[in-house]
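Chains: A, B, C, D and E, in written order; residue numbering restarts at 1 for each.
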């Protein structure tokens, strides 16, 4: 649960634009990859020295600069200086508690997204902040750590699959965003499976742990919603082409991403409704179980308490108790007890408790 | 429940526009029917070879191309190429997890709807994705499998009933959408009947299974809502004639479809409210039942425990217990027991437990 | 409950504009009344032959054609033809499952409303569809059966009360709508009384039937809301004078109707909130009752079980039990029992169970 | 509760503009006060004869006509005629079931508000309808009965405190509305105190009556909300100066009233949230109490039932029961009983029931 | 809880613009600090005599006048007169029950915010009203008492850190607002920790006090929401630069503050959802505990009541009871009792109660 609020701690009292990394502390070195391509050519290189960042050029080649790791703020600062990026943007890149958003800085767009992946060990969902800087011929992407969601795009670029090599930076940005959103569907599938096994559990054999599972899943859904809901607005504003950096042919593709985002939201809402239905069933099943326990107690007690009373009567030591001397007294009393017992059973049967 | 989220799995890492069928795997061959008509003529033909698709013509005849089956992506691709349809549209046609929507591609409109039909075997609701491509004189409809909702329209076309033969493609598209929406009313009627029998059950004889039925019906309603709610927006945008493909005389008819969609939504909302009321009654009846069980236990125990105690006293073996020697001791004690019992019954009567 | 969804069944597969009566089957003949009036004159007549419908005229007289009964579709068709009414409108007139709405057909407005009246026999609310066709000098009203809500207007017309005789058709339409909305207040009053008696019941003596009454009233409120909520939009659009048929002086009157509609909605919302509060009280009172039952059981059992145990001890048949031989053993044990019982009572008093 | 819906009953079948007083029947005579003032002069007079109403003048003096009592419809009618007020306005003035609203009639504004005051006797909130007619140099206020909320304004006028004497009628109207809204804060304070004492009760010693108090307070909040919520819109439209009667310098003051209205709404929302939280606590405490009752029963029964059983065994009358003859049999059994009892207590201690 | 509504009490009947301090009564003297700076110079001074307030000048230096304490209304009045501030603004400054808002008075902006800080003693949240008056070269800030949230800004000004010395008054205002909003994150962190420890408590060992803690935290969240939600609108309107006082370069910074406000709101919403989930778990755990109690009672009672009955039978004193004379009668009965007990245990094991 901490997850939902922990990343909020911020540097207090520092001037805006001060770069302070907020997030999981990391140790690996920041990795910078550069891919340059156009319809014909494709070149990939790793930049080890932040001095050797490519100069801005007016060439038609599209450049994709991918940075894995935002914890070394000096590197981020150098990149920011090199590309003339506003200090508030740099601050948001290294502070990984951002909400998905798009900021239009005129000659570049700044986009924040959340990449989600299941954390199998803790049976929860982890998130990583992905920042994109989009100019007309360059895309700079910042990830918190080396990931593989973008590998398929690298392959498509290298092998020239689809139209990606013939398009501009905005299409590349679309492809990256699409990859992130596509990944949400995998998360949803995992949640769907959890929901289904939980539904079986709740209907067949609810135990107190079931409630905790419902609670965990509910928290996961809240977390997912927080990541996806604002993204909807982001993609919608890109789709409406409020910035000249997004060209008209790419607009259609952003509409496609928008549709996917809506589908994710729809599935989240449905999951939430179903989950709240499960809670009702769980709570009701607790009552039903109690009912059953009470019925057993009531049946046993109601049958035997009167019988014990009868036995108690003839256990009294009065000197003058005529029945005690009767020959068939004992068997008569036994018969009466059997009859009382049977009458009780009939009564319970009529009440449908048996 | 899977139903609500299962169709989401998507091809990951493939370039956009790659056709991958997502949905129930099917085996039957795709069936392509062509109907050409105007006020005077009506011609129907089955296209077996996707090469023989009719060429685009400027004639006044309206063409309706109906494709049953979207699982053979190569056929869909050929049709797409033949009619110059955007690859994103083709991708959506074969991926049957779309949300109802309308996309305006300038010279054609792309509409996605969900056709619903009751699945009697599993006592649930199945859905099929229906895609429409509307140009000024051609309607192409894609269904997942051969259906019969459109048969009535075929008859009206063949026999020239109503105005359908004298109108353009937009009117034909209206007729197809109207048929899909009309079908929702049948689903609603089935749900209405379920609701009513459930209401009787919940009021007269609620059992734990009742809760499961409520849960199933609730999930059905969520599913229905997911199909109908976005359609409302689709029809509304058609009714506002945002595209020139929809002509003014047809606008009124789309307003009619819009009214029907609203009626369906209204009925869904009402059903949901009623269902949540039933849940309250069910939960309350569980408590009432427990109350009744507890009362029986309490009455029996409260009457006989004191009596047993009295019997227990005179079952003690003290040597000096004067009452034991009294002649009327036994009958006196019995009388006291009867009086105590009667007092208890009066007490319960006063408490309205009897 | 059926009521909420039953009227939805529609003719499937028929071309739009086909008149099929949907609603309660009726047997009485359709009754057509014509009232013609202006400031000076007032003429009323009954039209038996649908051929003798008045021809459209440019005279300044206002005509009110009232049709009681929409089940004879041929008559409706003739009227429609005579007044040149769109077939979709006629379809909606005879299909009594419409949602309140206003459709602007240029030279006439089509308005659908729901007239509500209490069904004393079934203790529920019945509704009747009222359709109005408004042109600049004619109002045609369609009712499902002969009613009396409009009688007061007939009297005002005949006796020239108020301004109604000096105004145009739009004012007459206003008067008719006002009569329908005024009638809602009567329904609300009935509901208010039900609510009040229900509140007394729920606070003083809740029984399981109380819950059913709450449920019934809740369903009634849902039903009412369905009739009134869309009417709000209808009146609002008339008040904004989006059609030239509504003249400026009448606008103020529609604003008045609008205010009344809002008042009805307000009262409905309040009633719903109160009803949901009653449900809480009802459910809580069930728990309280169970608490009381449990307390009685616990008090009796907790007092007598230990006492019975003591009696049981001295009922044992051991040969060497010194107390049995004591002279004051019996009375000593009795005293101990009394003391234990009193201690228990003090304990319960302290717990505030007594 | 009646309060929430009772004032709705309206005259049915009467033409619009018919004045029918709806509200508490009253007996005192209507009182009409006139205050005339400008920066220098201040004159107050009581009008006994409705013929002597001041004639409309173009003077710069501001006139405030205050009418206490709206039950004598003939007087209201005369005033309406004198000032040329629309009959629908007069109808609303005497029908005290209006919703707060502002109607713009061009040369005057009609404003309805609800003045609230605590009804100490019935421990509830009473409301009175206040109507204002505002022209450029006259304010006419209608109250249901003589009140004192406006007394402070009279004093300010008389003694020339603040700017009120140097401003126009719109400022006077602002002052009156501000007085009404300020009064809501007093109501809120009373509710806040109720809430607090209720919170203590619910946490410390919840009884069934607590629930009724929660219910009453909830109904009060619904009632308050009904009065305040629509007022928000009224003040907002005045603040936006949609009518020329409201001058620019006064606009700022209406913004101030608007802020106060929002503050009242905020406090109402908070109160509602807190109240619903109290309901949860109350319901939970009922369960906790039941838990406690059950625990006492279970502890007593679980300890003594087995012991009684042991005693029962040695109370059997078999001829051959070796233990009965043992010398230490009795004390052995007693020891076993003590040990069993102690084990039970340890078990309960472990379960944290003790 | 009082906190949520107590500050509402207002002066009734006083003319608007009358300064009445509403809030905690305070005794310390009001402290007025003046800081003057531009890129090169920095001067700080304490103003003891309200006569010596700096005259308005057209210099490029930015002035920040900070007033700690608003309870001495005469000082506030003098400042207001000196700077020509509207009396309604002054009234709002000293009435500390304002809702966050921004009012545009043309040549200055008036902003109200709530500064929150944890009240460790009462384990709750305290708030202080911060008012800002922003002109083009002066910022006047009013706090209820001496605080330290603005200290970091003083340091930045003094040491010339960041850009704050080179910017105008709007940037200083931004810095002050940013400091207030940043402080919310600290509050959120504290709440997050409370939530987490509460979650552990609710899952592991819920006691009745847990519910009170949930209730307190819920009230805290409502209180926080009241402070933050309206601030969102305030910052949004500043960011949209509706006033010329906010210059374009600063606009970006206000967008940053806006993002932070949204993040706070998001975290609040999540916390509320989680809290409501905890309530469900708590309530359910109460039921589970009752279930457990009932099971223990039922198992013990169901096993021993029948056994006690058997013992009771052979405790009867009938003269003719053949079993009593049997040699193995006693041991036979004991064996039967053991068998019955074991059968019961098997039954409970099958029911999964053991």
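By our rule, a residue touches a chain if its C-beta (ideal position, glycine included) is under 8 Å from a C-beta of that chain, and two chains touch if they have at least 3 such contacts.
Source: prediction; values computed, not measured.
Contact with both subunit B and subunit E is made by A. In summary, no chain was found to touch both subunit A and subunit E. Here the CA centre of subunit A is 42 Å from the CA centre of subunit D.
Computed from the mean C-alpha positions, the centre of subunit B lies at a distance of 42 Å from the centre of subunit D. We define each chain's centre as the mean of its Cα atoms; on that basis subunit A and subunit B are separated by 26 Å. Within subunit A, contacts with two or more other chains are made by residues 283, 287, 290, 294, 297, 301, 305, 308, 312, 315-317, 321. If you sketch which chains touch which, the chains form one closed loop in which each chain touches exactly two neighbours. By the touch criterion stated above, subunit D contacts subunit C in their complex at residues 1-2, 4-6, 8-10, 12-18, 86, 88, 92, 97-99, 101, 103, 208, 211-212, 215, 218-219, 222-223, 226, 279, 282-283, 286-287, 289-290, 292-294, 296-297, 300-301, 304-305, 307-308, 311-312, 314-317, 321, 323-330, 333-334, 337. Within the complex, the subunit B residues that touch subunit C are 151-153, 155-156, 161-164, 175, 178-179, 182-183, 185-186, 188-189, 191-192, 195-196, 199, 203, 252-253, 255-256, 259, 262-263, 266-267, 270-271, 273-274, 277-278, 280-281, 283-285, 287-288, 290-291, 294-295, 297-298, 301-302, 305-306, 308-309, 312-313, 315-321, 351, 353.
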